[in-house]
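In what follows, chain A forms one complex with chain B and a second complex with chain C.
Moving on to the complex of A and B:
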(Lines of atoms letter the chains of each structure in order from A and count residues from 1; the text may use other names and numbers.)
(Lines give C-alpha, C1' and ligand atoms only; values in the text may rest on other atoms or scores of the structure.)
Protein backbone atom coordinates (compact mmCIF):
# COMPACT_ATOMS: atom_id res chain seq x y z
CA UNK A 1 0.00 0.00 0.00
CA UNK A 2 1.25 3.48 -0.83
CA UNK A 3 0.89 5.77 2.16
CA UNK A 4 -1.17 5.63 5.32
CA UNK A 5 -2.81 9.01 5.32
CA UNK A 6 -5.31 9.54 8.14
CA UNK A 7 -7.48 11.65 5.84
CA UNK A 8 -9.91 8.87 4.78
CA UNK A 9 -10.59 7.87 8.39
CA UNK A 10 -10.99 11.47 9.50
CA UNK A 11 -13.39 11.97 6.63
CA UNK A 12 -15.39 8.90 7.66
CA UNK A 13 -15.69 10.31 11.19
CA UNK A 14 -16.65 13.67 9.69
CA UNK A 15 -19.38 12.14 7.53
CA UNK A 16 -20.68 9.92 10.28
CA UNK A 17 -20.73 12.94 12.59
CA UNK A 18 -22.70 14.99 10.09
CA UNK A 19 -25.19 12.20 9.67
CA UNK A 20 -25.56 11.52 13.40
CA UNK A 21 -25.92 15.22 14.17
CA UNK A 22 -28.51 15.73 11.45
CA UNK A 23 -30.59 12.78 12.64
CA UNK A 24 -30.35 12.96 16.41
CA UNK A 25 -29.62 16.54 17.46
CA UNK A 26 -32.86 18.05 16.09
CA UNK A 27 -34.89 15.40 17.95
CA UNK A 28 -33.08 16.08 21.22
CA UNK A 29 -33.33 19.84 20.75
CA UNK A 30 -37.00 19.63 19.94
CA UNK A 31 -37.78 17.47 22.99
CA UNK A 32 -35.61 19.16 25.59
CA UNK A 33 -35.48 22.66 24.15
CA UNK A 34 -39.06 23.20 22.99
CA UNK A 35 -41.59 20.46 23.65
CA UNK A 36 -40.87 19.83 27.34
CA UNK A 37 -40.34 23.46 28.44
CA UNK A 38 -43.47 24.62 26.61
CA UNK A 39 -45.47 21.74 28.02
CA UNK A 40 -46.43 20.33 24.59
CA UNK A 41 -45.34 16.98 25.90
CA UNK A 42 -45.33 16.03 29.55
CA UNK A 43 -41.72 16.04 30.69
CA UNK A 44 -40.36 12.89 32.28
CA UNK A 45 -39.54 13.35 35.97
CA UNK A 46 -35.99 13.51 37.19
CA UNK A 47 -35.68 9.98 38.56
CA UNK A 48 -37.12 8.51 35.39
CA UNK A 49 -34.74 10.50 33.21
CA UNK A 50 -31.82 9.54 35.42
CA UNK A 51 -32.61 5.87 35.11
CA UNK A 52 -32.85 6.21 31.31
CA UNK A 53 -29.50 7.97 31.36
CA UNK A 54 -27.98 5.26 33.50
CA UNK A 55 -28.86 2.59 31.03
CA UNK A 56 -25.66 1.45 29.26
CA UNK A 57 -27.28 1.73 25.81
CA UNK A 58 -28.15 5.40 26.40
CA UNK A 59 -24.63 6.09 27.56
CA UNK A 60 -23.09 4.45 24.53
CA UNK A 61 -25.39 6.28 22.12
CA UNK A 62 -24.86 9.68 23.75
CA UNK A 63 -21.13 9.11 23.94
CA UNK A 64 -21.05 8.14 20.26
CA UNK A 65 -23.08 11.21 19.36
CA UNK A 66 -20.75 13.55 21.28
CA UNK A 67 -17.64 11.95 19.80
CA UNK A 68 -18.89 11.99 16.21
CA UNK A 69 -20.18 15.55 16.46
CA UNK A 70 -16.86 16.71 17.87
CA UNK A 71 -14.91 15.04 15.08
CA UNK A 72 -17.31 16.54 12.58
CA UNK A 73 -16.58 19.96 14.05
CA UNK A 74 -12.83 19.32 14.10
CA UNK A 75 -12.66 18.40 10.42
CA UNK A 76 -14.82 21.27 9.28
CA UNK A 77 -13.10 23.82 11.49
CA UNK A 78 -9.70 22.64 10.28
CA UNK A 79 -10.69 23.34 6.69
CA UNK A 80 -12.28 26.63 7.65
CA UNK A 81 -8.93 27.69 9.07
CA UNK A 82 -7.00 26.23 6.11
CA UNK A 83 -9.05 27.71 3.30
CA UNK A 84 -11.20 30.41 4.89
CA UNK A 85 -8.37 32.08 6.77
CA UNK A 86 -5.62 30.79 4.43
CA UNK A 87 -3.63 29.26 7.25
CA UNK A 88 -2.54 26.07 5.56
CA UNK A 89 1.10 26.65 6.49
CA UNK A 90 0.11 26.18 10.15
CA UNK A 91 -1.40 22.81 9.35
CA UNK A 92 0.32 20.87 12.13
CA UNK A 93 -0.78 23.25 14.87
CA UNK A 94 -4.28 23.47 13.43
CA UNK A 95 -4.66 19.69 13.18
CA UNK A 96 -3.42 19.21 16.72
CA UNK A 97 -5.80 21.86 17.99
CA UNK A 98 -8.85 20.57 16.09
CA UNK A 99 -8.51 16.81 16.47
CA UNK A 100 -6.87 17.17 19.89
CA UNK A 101 -9.86 19.26 20.90
CA UNK A 102 -12.21 16.56 19.62
CA UNK A 103 -10.36 13.88 21.58
CA UNK A 104 -10.33 16.00 24.75
CA UNK A 105 -14.03 16.79 24.33
CA UNK A 106 -14.86 13.12 23.80
CA UNK A 107 -12.91 12.13 26.92
CA UNK A 108 -14.73 14.80 28.91
CA UNK A 109 -18.09 13.61 27.56
CA UNK A 110 -17.14 10.04 28.46
CA UNK A 111 -16.19 10.99 31.99
CA UNK A 112 -19.42 12.90 32.55
CA UNK A 113 -21.59 10.17 31.03
CA UNK A 114 -20.04 7.15 32.68
CA UNK A 115 -19.92 8.76 36.10
CA UNK A 116 -23.66 9.33 36.25
CA UNK B 1 -37.14 43.69 -30.07
CA UNK B 2 -36.31 46.78 -32.21
CA UNK B 3 -33.93 46.10 -35.10
CA UNK B 4 -31.35 48.62 -33.95
CA UNK B 5 -31.08 47.66 -30.29
CA UNK B 6 -27.50 47.43 -29.14
CA UNK B 7 -25.66 46.14 -26.11
CA UNK B 8 -22.17 46.89 -24.81
CA UNK B 9 -19.60 44.15 -24.30
CA UNK B 10 -16.94 45.12 -21.78
CA UNK B 11 -14.13 42.79 -22.74
CA UNK B 12 -10.93 42.08 -20.83
CA UNK B 13 -7.93 42.60 -23.11
CA UNK B 14 -4.42 41.42 -22.48
CA UNK B 15 -1.73 41.71 -25.10
CA UNK B 16 1.51 40.73 -23.39
CA UNK B 17 3.67 42.49 -25.98
CA UNK B 18 2.08 45.85 -25.25
CA UNK B 19 0.73 45.82 -21.69
CA UNK B 20 1.75 44.39 -18.32
CA UNK B 21 -1.76 44.18 -16.89
CA UNK B 22 -5.10 43.30 -18.47
CA UNK B 23 -7.22 46.29 -19.49
CA UNK B 24 -10.86 46.75 -20.46
CA UNK B 25 -12.23 47.59 -23.88
CA UNK B 26 -15.88 48.22 -24.71
CA UNK B 27 -17.62 47.32 -27.94
CA UNK B 28 -21.20 47.97 -28.99
CA UNK B 29 -22.80 45.02 -30.74
CA UNK B 30 -26.32 44.40 -32.06
CA UNK B 31 -28.68 42.93 -29.49
CA UNK B 32 -30.60 40.19 -31.30
CA UNK B 33 -32.90 37.66 -29.76
CA UNK B 34 -30.96 34.68 -31.07
CA UNK B 35 -27.48 36.07 -30.44
CA UNK B 36 -25.20 34.63 -27.79
CA UNK B 37 -22.22 36.31 -26.15
CA UNK B 38 -20.06 34.35 -28.60
CA UNK B 39 -22.00 35.81 -31.52
CA UNK B 40 -21.31 39.24 -30.03
CA UNK B 41 -17.59 38.48 -29.87
CA UNK B 42 -17.62 37.16 -33.43
CA UNK B 43 -19.30 40.40 -34.52
CA UNK B 44 -16.49 42.32 -32.84
CA UNK B 45 -13.84 40.18 -34.49
CA UNK B 46 -15.43 40.40 -37.96
CA UNK B 47 -16.49 44.05 -38.00
CA UNK B 48 -14.97 46.09 -35.19
CA UNK B 49 -11.61 44.78 -34.02
CA UNK B 50 -9.83 41.86 -35.66
CA UNK B 51 -7.17 41.76 -32.93
CA UNK B 52 -9.46 40.27 -30.26
CA UNK B 53 -8.45 36.69 -29.38
CA UNK B 54 -10.69 33.97 -27.96
CA UNK B 55 -11.42 30.27 -28.52
CA UNK B 56 -14.51 28.72 -29.99
CA UNK B 57 -15.50 26.05 -32.43
CA UNK B 58 -18.85 24.26 -32.42
CA UNK B 59 -21.22 27.05 -31.29
CA UNK B 60 -23.52 24.41 -29.82
CA UNK B 61 -22.21 23.46 -26.39
CA UNK B 62 -20.32 20.40 -27.58
CA UNK B 63 -16.65 21.26 -28.07
CA UNK B 64 -16.11 22.92 -24.70
CA UNK B 65 -13.70 25.55 -26.02
CA UNK B 66 -15.68 28.79 -25.54
CA UNK B 67 -15.76 28.95 -21.73
CA UNK B 68 -15.26 32.47 -20.34
CA UNK B 69 -16.28 34.49 -17.32
CA UNK B 70 -19.47 36.34 -18.21
CA UNK B 71 -20.63 38.89 -15.64
CA UNK B 72 -18.52 37.10 -13.08
CA UNK B 73 -19.81 33.57 -13.75
CA UNK B 74 -18.04 30.84 -15.70
CA UNK B 75 -20.18 30.10 -18.75
CA UNK B 76 -20.09 28.67 -22.25
CA UNK B 77 -20.35 31.86 -24.29
CA UNK B 78 -22.11 29.97 -27.09
CA UNK B 79 -24.96 29.13 -24.68
CA UNK B 80 -25.22 32.50 -22.90
CA UNK B 81 -27.77 34.72 -24.64
CA UNK B 82 -27.14 38.45 -24.88
CA UNK B 83 -30.80 39.23 -24.14
CA UNK B 84 -30.41 37.66 -20.70
CA UNK B 85 -27.90 40.40 -19.88
CA UNK B 86 -29.84 43.33 -21.36
CA UNK B 87 -29.56 46.27 -21.02
CA UNK B 88 -25.91 45.45 -20.34
CA UNK B 89 -23.06 46.07 -20.28
CA UNK B 90 -21.89 42.46 -20.37
CA UNK B 91 -18.51 41.85 -18.76
CA UNK B 92 -16.51 39.21 -20.62
CA UNK B 93 -13.30 37.94 -19.01
CA UNK B 94 -11.11 34.87 -19.46
CA UNK B 95 -11.86 31.79 -17.34
CA UNK B 96 -10.73 32.31 -13.75
CA UNK B 97 -7.97 30.21 -12.12
CA UNK B 98 -5.99 29.73 -15.35
CA UNK B 99 -3.05 31.79 -16.61
CA UNK B 100 -4.09 34.12 -19.44
CA UNK B 101 -2.20 33.74 -22.71
CA UNK B 102 -3.87 36.60 -24.53
CA UNK B 103 -7.21 38.43 -24.22
CA UNK B 104 -9.77 35.70 -23.49
CA UNK B 105 -7.49 32.75 -24.20
CA UNK B 106 -6.19 30.78 -21.20
CA UNK B 107 -3.41 28.26 -20.81
CA UNK B 108 -4.97 24.81 -20.42
CA UNK B 109 -1.87 22.62 -19.98
CA UNK B 110 -2.47 22.07 -16.28
CA UNK B 111 -5.89 20.55 -16.94
CA UNK B 112 -4.61 18.48 -19.86
CA UNK B 113 -1.84 16.99 -17.71
CA UNK B 114 -4.25 16.17 -14.90
CA UNK B 115 -6.57 14.55 -17.35
CA UNK B 116 -3.91 12.09 -18.51
CA UNK B 117 -2.86 11.43 -14.91
CA UNK B 118 -6.23 9.84 -14.13
CA UNK B 119 -6.06 7.61 -17.23
CA UNK B 120 -9.49 8.40 -18.66
CA UNK B 121 -9.70 5.44 -21.00
CA UNK B 122 -10.75 1.82 -20.71
CA UNK B 123 -8.03 -0.27 -19.13
CA UNK B 124 -8.13 -4.05 -19.45
CA UNK B 125 -5.89 -6.55 -17.71
CA UNK B 126 -5.73 -8.41 -20.98
CA UNK B 127 -6.91 -7.18 -24.34
CA UNK B 128 -9.46 -9.42 -25.87
CA UNK B 129 -8.79 -10.29 -29.54
CA UNK B 130 -11.07 -8.49 -31.99
CA UNK B 131 -12.65 -11.68 -33.32
CA UNK B 132 -14.07 -12.46 -29.88
CA UNK B 133 -16.52 -9.66 -30.50
CA UNK B 134 -17.77 -6.67 -28.57
CA UNK B 135 -18.28 -6.13 -24.84
CA UNK B 136 -22.02 -6.16 -24.29
CA UNK B 137 -23.39 -3.85 -21.62
CA UNK B 138 -26.87 -3.67 -20.12
CA UNK B 139 -28.72 -0.32 -19.93
CA UNK B 140 -28.20 -0.37 -16.13
CA UNK B 141 -24.45 -0.85 -16.56
CA UNK B 142 -24.40 2.07 -18.93
CA UNK B 143 -26.43 4.28 -16.59
CA UNK B 144 -23.79 3.75 -13.91
CA UNK B 145 -21.34 6.04 -15.74
CA UNK B 146 -23.32 7.80 -18.47
CA UNK B 147 -23.75 11.07 -16.60
CA UNK B 148 -19.99 11.43 -16.17
CA UNK B 149 -19.40 10.69 -19.83
CA UNK B 150 -21.25 13.88 -20.76
CA UNK B 151 -18.25 16.02 -19.79
CA UNK B 152 -17.00 18.22 -22.64
CA UNK B 153 -13.75 19.30 -20.90
CA UNK B 154 -14.84 22.93 -20.84
CA UNK B 155 -13.10 23.56 -17.50
CA UNK B 156 -15.92 25.77 -16.17
CA UNK B 157 -15.82 23.63 -13.04
CA UNK B 158 -12.14 24.48 -12.47
CA UNK B 159 -12.89 28.16 -12.94
CA UNK B 160 -15.69 27.88 -10.36
CA UNK B 161 -13.77 25.82 -7.79
CA UNK B 162 -12.42 27.81 -4.81
CA UNK B 163 -10.21 24.89 -3.76
CA UNK B 164 -8.49 24.83 -7.16
CA UNK B 165 -8.04 28.60 -6.86
CA UNK B 166 -6.16 28.13 -3.57
CA UNK B 167 -4.38 24.90 -4.38
CA UNK B 168 -3.49 24.45 -8.06
CA UNK B 169 -2.24 20.92 -7.33
CA UNK B 170 -5.83 19.76 -6.77
CA UNK B 171 -6.64 17.15 -9.42
CA UNK B 172 -9.98 18.91 -9.76
CA UNK B 173 -13.62 18.26 -10.56
CA UNK B 174 -13.69 17.20 -14.22
CA UNK B 175 -10.62 14.94 -14.01
CA UNK B 176 -12.06 13.09 -11.01
CA UNK B 177 -15.49 12.83 -12.63
CA UNK B 178 -13.84 11.42 -15.74
CA UNK B 179 -11.86 8.93 -13.70
CA UNK B 180 -15.17 7.80 -12.21
CA UNK B 181 -16.64 7.61 -15.70
CA UNK B 182 -14.18 4.77 -16.35
CA UNK B 183 -14.07 3.31 -12.83
CA UNK B 184 -17.82 2.74 -13.00
CA UNK B 185 -17.77 1.28 -16.51
CA UNK B 186 -18.36 -2.48 -16.46
CA UNK B 187 -15.78 -2.95 -19.24
CA UNK B 188 -13.00 -1.26 -17.29
CA UNK B 189 -10.49 -2.98 -15.02
CA UNK B 190 -8.30 0.03 -14.28
CA UNK B 191 -9.60 1.39 -10.98
CA UNK B 192 -6.50 0.19 -9.12
CA UNK B 193 -4.33 2.12 -11.61
CA UNK B 194 -6.26 5.31 -10.88
CA UNK B 195 -6.36 4.86 -7.13
CA UNK B 196 -3.04 6.47 -6.21
CA UNK B 197 -3.80 9.74 -7.97
CA UNK B 198 -7.43 9.89 -6.89
CA UNK B 199 -6.89 9.07 -3.24
CA UNK B 200 -3.81 11.26 -2.79
CA UNK B 201 -3.90 14.49 -0.78
CA UNK B 202 -4.26 16.42 -4.07
CA UNK B 203 -7.01 14.05 -5.18
CA UNK B 204 -10.46 13.71 -3.67
CA UNK B 205 -9.24 14.63 -0.18
CA UNK B 206 -8.47 18.18 -1.24
CA UNK B 207 -12.17 18.72 -2.00
CA UNK B 208 -14.22 20.34 0.75
CA UNK B 209 -17.55 19.85 -1.05
CA UNK B 210 -18.24 23.47 -1.86
CA UNK B 211 -20.30 22.27 -4.82
CA UNK B 212 -19.62 25.21 -7.15
CA UNK B 213 -18.38 22.81 -9.83
CA UNK B 214 -21.76 21.13 -10.07
CA UNK B 215 -23.53 24.50 -10.22
CA UNK B 216 -21.23 25.69 -13.00
CA UNK B 217 -21.30 22.53 -15.12
CA UNK B 218 -23.30 23.10 -18.33
CA UNK B 219 -23.69 19.37 -18.93
CA UNK B 220 -25.20 18.13 -15.66
CA UNK B 221 -22.13 16.03 -14.90
CA UNK B 222 -22.25 16.68 -11.13
CA UNK B 223 -18.51 16.44 -10.46
CA UNK B 224 -19.10 17.19 -6.76
CA UNK B 225 -21.22 14.06 -6.53
CA UNK B 226 -18.55 12.04 -8.34
CA UNK B 227 -15.93 13.22 -5.86
CA UNK B 228 -18.11 12.44 -2.83
CA UNK B 229 -18.75 8.98 -4.19
CA UNK B 230 -15.09 8.33 -4.67
CA UNK B 231 -14.36 9.59 -1.14
CA UNK B 232 -16.62 6.86 0.16
CA UNK B 233 -14.93 4.26 -2.06
CA UNK B 234 -11.47 5.39 -0.96
CA UNK B 235 -12.41 5.63 2.72
CA UNK B 236 -13.98 2.17 2.79
CA UNK B 237 -10.90 0.85 1.08
CA UNK B 238 -8.55 2.40 3.68
CA UNK B 239 -10.73 1.13 6.49
CA UNK B 240 -10.46 -2.35 5.00
CA UNK B 241 -6.69 -2.02 4.64
CA UNK B 242 -6.46 -0.91 8.25
CA UNK B 243 -8.62 -3.66 9.71
CA UNK B 244 -7.52 -6.34 7.28
CA UNK B 245 -3.93 -5.49 6.30
CA UNK B 246 -3.15 -8.99 5.08
CA UNK B 247 -6.20 -9.05 2.80
CA UNK B 248 -4.56 -7.01 0.01
CA UNK B 249 -3.48 -8.32 -3.24
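Moving on to the complex of A and C:
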Protein backbone atom coordinates (compact mmCIF):
# COMPACT_ATOMS: atom_id res chain seq x y z
CA UNK A 1 0.00 0.00 0.00
CA UNK A 2 1.33 3.41 -0.97
CA UNK A 3 -1.05 5.20 1.36
CA UNK A 4 0.59 6.38 4.55
CA UNK A 5 -0.88 5.22 7.82
CA UNK A 6 -2.28 7.95 10.08
CA UNK A 7 -1.12 5.95 13.11
CA UNK A 8 2.10 7.96 13.82
CA UNK A 9 0.17 11.25 13.87
CA UNK A 10 -2.53 9.77 16.11
CA UNK A 11 0.13 8.38 18.42
CA UNK A 12 1.83 11.77 18.56
CA UNK A 13 -1.46 13.44 19.55
CA UNK A 14 -2.05 10.70 22.13
CA UNK A 15 1.40 11.21 23.55
CA UNK A 16 1.21 15.01 23.68
CA UNK A 17 -2.22 14.72 25.26
CA UNK A 18 -0.93 12.33 27.88
CA UNK A 19 1.78 14.79 28.84
CA UNK A 20 -0.54 17.83 28.89
CA UNK A 21 -3.14 15.94 30.93
CA UNK A 22 -0.56 14.63 33.39
CA UNK A 23 0.84 18.11 34.01
CA UNK A 24 -2.27 20.32 34.06
CA UNK A 25 -5.43 18.32 34.75
CA UNK A 26 -4.78 17.35 38.42
CA UNK A 27 -4.51 20.94 39.70
CA UNK A 28 -7.51 22.20 37.70
CA UNK A 29 -9.71 19.25 38.63
CA UNK A 30 -8.70 19.47 42.29
CA UNK A 31 -9.40 23.20 42.54
CA UNK A 32 -12.61 23.51 40.52
CA UNK A 33 -14.01 20.03 41.03
CA UNK A 34 -13.27 19.44 44.72
CA UNK A 35 -11.62 22.25 46.71
CA UNK A 36 -13.94 25.12 45.70
CA UNK A 37 -17.23 23.13 45.79
CA UNK A 38 -16.39 21.73 49.24
CA UNK A 39 -15.27 25.13 50.53
CA UNK A 40 -11.70 24.01 51.35
CA UNK A 41 -10.51 27.11 49.51
CA UNK A 42 -12.55 30.20 48.80
CA UNK A 43 -13.61 30.21 45.16
CA UNK A 44 -12.37 33.10 43.01
CA UNK A 45 -15.01 35.65 42.02
CA UNK A 46 -16.54 35.90 38.58
CA UNK A 47 -14.66 39.04 37.44
CA UNK A 48 -11.25 37.49 38.17
CA UNK A 49 -12.04 34.26 36.32
CA UNK A 50 -13.49 36.18 33.40
CA UNK A 51 -10.36 38.33 33.09
CA UNK A 52 -8.17 35.20 33.21
CA UNK A 53 -10.31 33.51 30.53
CA UNK A 54 -10.26 36.61 28.33
CA UNK A 55 -6.48 36.62 28.10
CA UNK A 56 -5.44 35.28 24.67
CA UNK A 57 -2.74 33.06 26.19
CA UNK A 58 -5.31 31.35 28.44
CA UNK A 59 -7.58 30.71 25.46
CA UNK A 60 -4.81 29.17 23.39
CA UNK A 61 -3.50 27.04 26.27
CA UNK A 62 -6.95 25.80 27.29
CA UNK A 63 -7.91 25.07 23.69
CA UNK A 64 -4.69 23.11 23.19
CA UNK A 65 -5.28 21.27 26.46
CA UNK A 66 -8.85 20.33 25.46
CA UNK A 67 -7.86 19.18 21.97
CA UNK A 68 -4.90 17.10 23.13
CA UNK A 69 -6.86 15.59 26.04
CA UNK A 70 -9.65 14.57 23.68
CA UNK A 71 -7.29 12.92 21.20
CA UNK A 72 -5.57 11.22 24.11
CA UNK A 73 -8.94 9.89 25.23
CA UNK A 74 -9.82 8.80 21.68
CA UNK A 75 -6.64 6.76 21.26
CA UNK A 76 -6.81 5.12 24.67
CA UNK A 77 -10.51 4.41 24.47
CA UNK A 78 -10.12 2.88 21.03
CA UNK A 79 -7.56 0.41 22.28
CA UNK A 80 -9.51 -0.22 25.49
CA UNK A 81 -12.45 -1.29 23.36
CA UNK A 82 -10.23 -3.34 21.06
CA UNK A 83 -8.31 -5.16 23.76
CA UNK A 84 -10.39 -4.82 26.90
CA UNK A 85 -13.67 -5.90 25.37
CA UNK A 86 -12.28 -7.90 22.41
CA UNK A 87 -14.02 -5.73 19.80
CA UNK A 88 -11.33 -5.62 17.15
CA UNK A 89 -13.79 -6.57 14.40
CA UNK A 90 -15.75 -3.34 14.98
CA UNK A 91 -12.62 -1.25 14.42
CA UNK A 92 -14.09 1.11 11.80
CA UNK A 93 -17.12 2.05 13.91
CA UNK A 94 -14.94 2.44 17.00
CA UNK A 95 -12.40 4.63 15.19
CA UNK A 96 -15.13 6.84 13.78
CA UNK A 97 -16.74 7.20 17.19
CA UNK A 98 -13.46 7.94 19.01
CA UNK A 99 -11.72 10.31 16.59
CA UNK A 100 -15.00 11.81 15.41
CA UNK A 101 -15.84 12.53 19.01
CA UNK A 102 -12.42 14.12 19.55
CA UNK A 103 -12.85 16.37 16.50
CA UNK A 104 -16.40 17.37 17.51
CA UNK A 105 -15.27 18.06 21.08
CA UNK A 106 -12.35 20.17 19.86
CA UNK A 107 -14.67 22.25 17.68
CA UNK A 108 -16.99 22.74 20.66
CA UNK A 109 -14.00 23.77 22.80
CA UNK A 110 -12.93 26.31 20.19
CA UNK A 111 -16.44 27.77 19.99
CA UNK A 112 -16.75 28.06 23.78
CA UNK A 113 -13.26 29.42 24.44
CA UNK A 114 -12.80 31.85 21.57
CA UNK A 115 -16.23 33.45 21.97
CA UNK A 116 -15.46 34.56 25.52
CA UNK B 1 -10.34 -16.69 -1.59
CA UNK B 2 -13.83 -16.52 -0.16
CA UNK B 3 -14.63 -19.98 -1.49
CA UNK B 4 -11.61 -21.58 0.12
CA UNK B 5 -12.51 -23.43 3.28
CA UNK B 6 -10.90 -21.95 6.36
CA UNK B 7 -8.74 -24.98 6.90
CA UNK B 8 -7.06 -24.60 3.49
CA UNK B 9 -6.32 -20.88 3.65
CA UNK B 10 -2.66 -20.01 3.94
CA UNK B 11 -1.54 -19.36 7.47
CA UNK B 12 -0.19 -16.00 8.64
CA UNK B 13 3.37 -17.06 7.87
CA UNK B 14 2.46 -17.35 4.20
CA UNK B 15 2.76 -21.12 4.22
CA UNK B 16 0.10 -23.38 2.86
CA UNK B 17 -0.73 -25.08 6.14
CA UNK B 18 -4.04 -24.64 7.95
CA UNK B 19 -4.76 -21.48 9.98
CA UNK B 20 -3.40 -22.06 13.47
CA UNK B 21 -5.95 -22.48 16.23
CA UNK B 22 -6.26 -19.44 18.44
CA UNK B 23 -7.48 -19.97 21.94
CA UNK B 24 -10.40 -17.58 22.51
CA UNK B 25 -9.67 -14.94 25.14
CA UNK B 26 -12.50 -14.27 27.59
CA UNK B 27 -13.91 -10.72 27.77
CA UNK B 28 -12.88 -10.29 31.38
CA UNK B 29 -9.29 -11.50 30.90
CA UNK B 30 -8.07 -8.41 32.77
CA UNK B 31 -9.64 -9.49 36.07
CA UNK B 32 -7.24 -12.40 36.38
CA UNK B 33 -4.14 -10.59 37.57
CA UNK B 34 -3.50 -7.40 39.51
CA UNK B 35 -1.08 -6.12 36.85
CA UNK B 36 -3.73 -6.59 34.16
CA UNK B 37 -6.29 -4.78 36.31
CA UNK B 38 -3.95 -1.80 36.86
CA UNK B 39 -3.35 -1.74 33.11
CA UNK B 40 -7.08 -1.57 32.35
CA UNK B 41 -7.66 1.05 35.08
CA UNK B 42 -4.88 3.15 33.56
CA UNK B 43 -6.49 2.81 30.15
CA UNK B 44 -9.83 3.88 31.63
CA UNK B 45 -8.23 7.11 32.92
CA UNK B 46 -8.76 8.46 29.38
CA UNK B 47 -12.52 8.50 30.00
CA UNK B 48 -12.06 10.70 33.06
CA UNK B 49 -9.71 13.02 31.19
CA UNK B 50 -12.48 13.44 28.61
CA UNK B 51 -14.94 14.13 31.47
CA UNK B 52 -12.58 16.84 32.72
CA UNK B 53 -12.74 18.54 29.30
CA UNK B 54 -16.55 18.51 29.47
CA UNK B 55 -16.48 19.92 33.01
CA UNK B 56 -13.97 22.64 32.05
CA UNK B 57 -15.99 23.72 29.03
CA UNK B 58 -19.24 23.83 31.03
CA UNK B 59 -17.47 26.08 33.53
CA UNK B 60 -15.87 28.31 30.89
CA UNK B 61 -19.23 28.66 29.13
CA UNK B 62 -20.92 29.61 32.41
CA UNK B 63 -18.22 32.18 33.25
CA UNK B 64 -18.57 33.68 29.77
CA UNK B 65 -22.34 33.92 30.12
CA UNK B 66 -22.23 36.06 33.25
CA UNK B 67 -22.10 35.97 37.03
CA UNK B 68 -25.57 34.43 37.40
CA UNK B 69 -24.65 31.51 35.16
CA UNK B 70 -21.38 31.12 37.08
CA UNK B 71 -23.30 30.94 40.38
CA UNK B 72 -25.61 28.32 38.83
CA UNK B 73 -22.56 26.33 37.75
CA UNK B 74 -21.19 26.54 41.30
CA UNK B 75 -24.47 25.22 42.73
CA UNK B 76 -24.46 22.37 40.22
CA UNK B 77 -20.81 21.49 40.82
CA UNK B 78 -21.38 21.57 44.60
CA UNK B 79 -23.87 18.68 44.52
CA UNK B 80 -22.48 15.60 46.19
CA UNK B 81 -22.90 13.46 43.06
CA UNK B 82 -20.80 15.84 40.94
CA UNK B 83 -18.16 16.17 43.67
CA UNK B 84 -18.02 12.39 44.00
CA UNK B 85 -17.59 12.01 40.24
CA UNK B 86 -14.76 14.56 40.35
CA UNK B 87 -13.06 12.78 43.27
CA UNK B 88 -13.12 9.51 41.30
CA UNK B 89 -11.93 11.35 38.19
CA UNK B 90 -9.04 12.93 40.13
CA UNK B 91 -7.93 9.50 41.41
CA UNK B 92 -7.90 8.17 37.84
CA UNK B 93 -6.05 11.25 36.57
CA UNK B 94 -3.44 10.87 39.32
CA UNK B 95 -3.01 7.22 38.31
CA UNK B 96 -2.46 8.49 34.78
CA UNK B 97 0.08 11.11 35.90
CA UNK B 98 2.11 8.70 38.03
CA UNK B 99 2.19 5.94 35.41
CA UNK B 100 2.89 8.47 32.63
CA UNK B 101 5.91 9.91 34.43
CA UNK B 102 7.06 6.41 35.34
CA UNK B 103 7.08 5.38 31.68
CA UNK B 104 8.71 8.59 30.44
CA UNK B 105 12.33 7.37 30.61
CA UNK B 106 11.40 4.37 28.49
CA UNK B 107 9.51 6.49 25.96
CA UNK B 108 12.22 9.10 25.44
CA UNK B 109 15.94 8.67 24.96
CA UNK B 110 17.49 11.93 26.14
CA UNK B 111 21.14 12.48 25.30
CA UNK B 112 23.40 14.98 26.97
CA UNK B 113 26.98 15.44 25.71
CA UNK B 114 26.71 12.17 23.82
CA UNK B 115 25.63 10.14 26.84
CA UNK B 116 22.19 8.75 27.46
CA UNK B 117 20.58 10.35 30.54
CA UNK B 118 19.69 7.80 33.24
CA UNK B 119 15.98 7.19 34.08
CA UNK B 120 16.13 8.81 37.55
CA UNK B 121 16.83 12.39 36.42
CA UNK B 122 14.24 12.14 33.63
CA UNK B 123 11.50 11.12 36.07
CA UNK B 124 12.64 13.80 38.56
CA UNK B 125 12.48 16.47 35.83
CA UNK B 126 8.89 15.51 35.08
CA UNK B 127 7.88 15.78 38.75
CA UNK B 128 9.66 19.13 39.02
CA UNK B 129 7.86 20.45 35.95
CA UNK B 130 4.55 19.16 37.37
CA UNK B 131 5.16 20.95 40.68
CA UNK B 132 6.09 24.21 38.95
CA UNK B 133 3.07 24.19 36.64
CA UNK B 134 0.71 23.23 39.47
CA UNK B 135 2.02 26.13 41.57
CA UNK B 136 1.77 28.57 38.66
CA UNK B 137 -1.82 27.57 37.81
CA UNK B 138 -2.91 27.67 41.48
CA UNK B 139 -1.30 31.10 41.89
CA UNK B 140 -3.02 32.47 38.79
CA UNK B 141 -6.44 31.21 39.89
CA UNK B 142 -6.19 32.04 43.60
CA UNK B 143 -4.60 35.48 43.42
CA UNK B 144 -7.95 37.09 42.54
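Assume the second predicted complex is superposed on the first by the 103 of 116 C-alpha atoms of A that agree within 3 Å, B and C clash if a C-alpha of one lies under 4 Å from a C-alpha of the other, contacts with A are read in each partner's own complex, and residues count from 1 in each chain.
Just so we're on the same page, contacts are C-beta pairs under 8 Å (C-beta built on N, C-alpha and C of every residue); 3 or more make two chains touch, one makes a residue touch a chain.
Predicted, not measured: the structure shown is a model, and the values here were computed from it.
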item: First (chain B), second (chain C), both or neither touched by A:79; value: both
item: First (chain B), second (chain C), both or neither touched by A:48; value: second
item: Touching partner for A:66 - first (chain B), second (chain C), both, neither; value: second
item: Partner chain(s) touched by A:11 [first = chain B, second = chain C, both, neither]; value: first
item: When both partners are placed on the shared chain, which of chain B and chain C touches more of chain A; value: C
item: Common interface positions of chain A, toward chain B and toward chain C; value: 15, 79, 86
item: Chain B-facing residues of chain A, complex; value: 1-2, 4-5, 7-9, 11-12, 15, 79, 83, 86, 88
item: Interfacial residue positions of chain B with respect to chain A in the complex; value: 162-163, 166-167, 196, 199, 201, 205, 208, 231-232, 234-235, 237-239, 241-242, 248
item: Of chain A, residues touching chain C in the complex; value: 15, 17-19, 21-34, 36-38, 41, 43-53, 62, 66, 69-70, 72-73, 75-77, 79-80, 84-86, 105, 108-109, 112-113, 115-116
item: In the complex, chain C residues that touch chain A; value: 25, 27, 30, 40, 43-47, 49-50, 52-53, 55-57, 59-61, 63-64, 66-67, 70-71, 74, 77-78, 82-83, 86-87, 89-90, 93-94, 96-97, 100-101, 107, 126, 129-130, 133-134, 137-138, 140-144
